[in-house]
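The structures come next, written out as structure tokens.
Each of the next two complexes has chain A plus one more chain, namely chain B in the first and chain C in the second.
This part shows the complex of A and B:
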């Protein structure tokens, strides 16, 4: 592999990891605090991408539309998240996981049908802001400007999440919920409100991923399940409930896929690697690389 | 005293609804000035969600138009036909569940095929077991009419063997293309079409070399590594059969790499994807298409395009045109047979010419494959449409693309 191919492979892996990190961190946070595997997490990502197409279309200037979408779509999806938590999940805490899975899977179907009714079945595209189109020249190489923006955005969100979790009272309570929900219950924190807030943050992160990915791929009806599978693998590898786990997990998945594709011998199996890795982690360290074993 | 009249009013209000239910259960119905003996259902299990949903929806639209047209002319064997649709999300197991439900519970008299060949391959045996005509118009793995052939199938879409050959002949005859890179989705359609392409290319231009092959999964979202790989390999041309959302994603991600100025690219072009990408769809791309609406010069197609646009506010894609053809094939045959029994209907399909929006074709007796054509051309800006079209769409006759009967025989099951 030549040096230029190596650089491009690393960049491709990092840019793929960026959006996956955002989505996986939301999934992981919700599981960590609420102990719910939200199958509809990918649906929230898809809804945000479709909302982005509508917002960008509404404004003739794509930059204004896209910047507004970065704020409005996650806010709208966070509100949808609040409704899901209050109306559906709140009734299922403490019940068996199967019920939670079924309920959130039902939401997957509801969102898929709803998006189809509102936006139709046609794939849609979003034009990125002018200044993010085209490529950046790196000597003899060219790499898309927008993909650099994705990496930058993921780093900003990662830093923001770190500050939220480790430097605020809300973050302290969330970490307490992840570590020991029963103790938190006894400490006088309004757990119901905390859970709604956490779910809104998780939904907002999925939505942010959906907005950011929309200028880089077809916005279509399959994107909910596509992203969920990858986000789930990342969360399991990194450790459900761990921000660092999502970060490292996303890097592993992004880079493993990118390098896997580059070699003819492994190209066909590059996706399988991720799931093999997931299975190995589950066998050796079921709580993931950065997770904590569940205390009974 | 007051309650009784109120109840009666409610009952009266319910009467029309009850009458509607009764009529749906097989009573005499009327529509478009025609009196029907009753209603019958035809089934369509297709992708209405998932990454190829746009193709599924277009096929559904085309079939619905055909059903309405036939019903307005008196229906089939005196019955009004209703469409019973189900979503498979391009998942084979959901397709088989749908096919079983449509046939066994909803009692459809014909089943129409899905978008994904994987789904059609799973559904076809169910149609066979239950003796139901199974008409395919989007899925096109040639195994459907060869290794997995069954007597109740009919295909109005050029199959992967035909399509792979059509584009191989188009590219193979251009001597400037000596090194090829293949990129195709990793499932039956992608592989069988790429294999047919490679085999025919070898015959036409034995010196041509395949210098790389990649098979990303259907629904892939990160194409940058594949794009890097292709650019590093520097082929004269890329042969692709990725489609729908995957093609839109590929084009979106390849453009910032200046990919289409660096490498010649050849791919399946569908009107759905042209409409999605609009002016972002690359020009100078060597495309192939199964039924491009703008290139089909029949009065029936022109009328269809106009009515489709008026009804659905978009241009009809290949899947809409072939969905329309598929339903008409079955409806005309059932009318000729004067019966819905599969054996009688198939007898009026097999070996018979059928009139379609694309012209008149024949369902070949040996494999029930129609000798429908493929179109090839180079994309260019067209002032008539908000997306590029083939500058000159060349029709490759279906008869020249069909697998030889001897080869079909070798592949088909013996019993």
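This part shows the complex of A and C:
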């Protein structure tokens, strides 16, 4: 492997990790605070990607359309998230995990059907905004500008999440919910509203991932479960409920995938490799690299 | 007629429904033929029988095997499609590469799928519940990738096609009855399994994992067993698929394919054995009508059904039966528990002398020998920087009533969790009856005779009161390894007798979760007695009880302990109770033992008084002023 291929592989891995981080951090945040694994998390990502295609098409001007989609799609999906939290999840807190898994799984089916009715089953393409097309040259190499933008966006969101969690009252309450939901309940915080807010943020993060991925990859049915499975792997490796875990987990999965694809001997197995990695981590550290063991 | 009356009970209705379902499956081919004659325009009989009928049967088998996990053990697996796929590939590969007939492949399929289930189940069951579900998802994806990418072995994404059947199976009706026969054999085996003592263990695990362990069940091992069995039957279902569809392909193994057994199980009701079969029939019909013309709408309908069931009736048909049971109990004089209605509760009806009549006290030689029953040496447990239990040593003598007290955060609960194997100590030793039991797990401890009542009442809420006791006895006596026999018929008399004496006779057929708090405590005690406990550990036995309940409960415990020669180790905040019962008191403070001695000595100890900061006036317990919650 030459030095230039190595650089390209690392960059490709980092840009893949960027979108995965956005999606996984939302999943992880929701789990941390609400103790619910949202199986429909990938569906929210897919809905946002399809919304992006519609918004960009509507404005027929890729730059304006995309910039608007970056705001509108996450907002719309966050509202959908609020509805899910209020109408479905709220009735299932404190019940068996089994019911929460099944309920959010039912939503996967509902969203898949809904998207298919509204957008059809064809793959759709979104053109990136003009100022992000083309490539950046690194000596003898060029690398797509848009992929750099993905990394930049992920870093901005990561920093934003850090500030939100560690520098604001809302963040303090969320962290309290992660650490001890019962105590939070007793401390006068409006837990119902906090949970709705957290779920909206989680949904918004999934949606942001969906918007950002759409110029980079065809938008189609099936992207919901693909990203969900990857986000699960990341969360499990990094530890559910940990921001740092999502970050490191996304890096591991992103880089492992891009390095796996580089070699002809391993490219076919790169997907399987991630799950083997996930299984190994779960066996050695069932709560993930950065998670905390769940107390019964 | 008494026979007809029995059919009107919930159990009877189940049998009627099952009979109708079986009759329908048997009569489908002639019925379809009849429909074809009457209205030739409708779908052909060959299609109804050969495609819809066979696929519904296979789906029923697949879903019922799934329900062994979902409904009977409470496990959500997303890997069930993998074992179905493995079954299909077993038939297809043996046919293609070894020129085996599909029948030989069918016979081998449960073994291959079961072995795969055993290995992958062992891996995924290292994690608990939610993480288990995520691991099964990963495993399913790995199986899918292997099937998809390993061209030389599996044919890759093309799959394997053109599996031909022996001549006698070429007629759709014969094929239908052949598949029906195989499915029937599998269902009979599974039905036997869920009613057996083994099935009782699964129900206990579903209801309450923690409690299941404390009645002596090795939870993980049972979960692995049911995972393996379930995989094996999924393998049979997959093999049958390869037989009627003549092919195997990677998409069979995708984790999203596990939606089929999940939806079908919920559709028909996870609370009943044949419920998923009904679900399979409805699902097949829906998929063929709505699903064909409007595939997107079909997804939404399925989602809505699952969502509706989860939100409205999570127990499926099981919860409806619960309502009927409640109604029946009310007719026979039982009333819904009310808060503070102590006088109507079982605790008020308990007569300790009656317990002793049934379980006579042990001869004095056997009890109160004064020998050390439990010895704790230098036990340590830290959580991060906090030394929760710091070098605790104590001795509990046989036949004594030993209390552990201390302010909040003194490490009492951690100590109890260490003793009962809920958590492992960092260092130190626990010796029970001369045997080193350090770090043993709860299910092993209950075999030695260490019983535990929990700070939160811990029973099996959706099992009947009688089953709570019966299953505890089954588990404790090691009967739950048996996959045959009928669990509900075992130890019935013994359990009923025990329930009579703890005053729970009138409510024995009620779900335990419906009982009042005090009644549930009485049930817990009965379970401990049923387990042949020598050392009873009580963690704040009276927490959350009304003063009346507290008084009765402690009289009961005290009476039983004294007369049965049990040894009692308890922690409690209520000083009246501590000083009223205990022979020996150990005081803990900040993780270590501060003092130990007779109640009088402890009461006079200035050190002890100081740590309570006057919170509790240890000198005047009889006035009741010292009681603190």
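Quick note on the criterion: the second predicted complex is superposed on the first by the 296 of 296 C-alpha atoms of A that agree within 3 Å, B and C clash if a C-alpha of one lies under 4 Å from a C-alpha of the other, contacts with A are read in each partner's own complex, and residues count from 1 in each chain.
Simple rule for what comes next: a contact is a pair of C-beta atoms (placed from the backbone, for glycine too) under 8 Å apart; a residue touches a chain by one contact, two chains touch by 3 or more.
Computed from a prediction, not measured in an experiment: that's the story for all the values here.
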| Fit-or-clash call for chain B and chain C when the two complexes are aligned on chain A | clash
| query | So, does A:268 touch the first partner chain B, the second partner chain C, both, or neither? | reply | both
| message | Just to be sure I read the superposition right, which of the two partners does A:37 touch: chain B = first, chain C = second, or both, or neither? | response | second
| message | According to the stated criteria, A:146 is in contact with first (chain B), second (chain C), both, or neither; which is it? | response | first
| query | So, A:113: does it touch chain B (first), chain C (second), both, or neither? | reply | both
| Partner chain in contact with A:95 - chain B first, chain C second, else both or neither | second
| said: Looking at A:216 after the superposition, I want to know if it touches chain B, chain C, both of them or none. Which is it: first, second, both, neither? | reply: first
| message | Contact-wise, after the overlay, does A:258 reach chain B, chain C, both or neither (first, second, both, neither)? | response | first
| After lining up the shared chain so the two structures overlap, which partner does A:236 touch, if you call chain B first and chain C second: first, second, both or neither? | second
| note | chain A residues where the chain B and chain C footprints coincide 112-113, 116, 121, 225, 268, 271
| In the complex, chain A residues that touch chain C | 37, 88, 91-92, 95-99, 101-103, 105-110, 112-114, 116-117, 121, 225, 229, 232-233, 236, 268-269, 271-272, 275-276, 278-279, 282-283, 286-287, 296
| note | chain A residues touching chain B in their complex are 2, 4-5, 8-9, 11-13, 15-16, 112-113, 116, 120-125, 133-135, 142-147, 213, 215-218, 220-223, 225-227, 257-258, 261-262, 264, 267-268, 271
| message | Considering only the defined contacts, which chain B positions touch chain A in the complex? | response | 48-54, 56-57, 89-90, 186, 212-217, 219, 221-222, 224-226, 228-229, 232, 244-246, 248-249, 252-253, 256-258, 272-273, 275-277, 280, 314
| request: Would you mind writing out the residues of chain C in touch with chain A in their complex? | output: 70, 74, 76, 123-124, 126-131, 133-135, 137-139, 141-142, 145-146, 149, 210, 255-256, 259, 262, 266, 295-307, 310-311, 314, 422
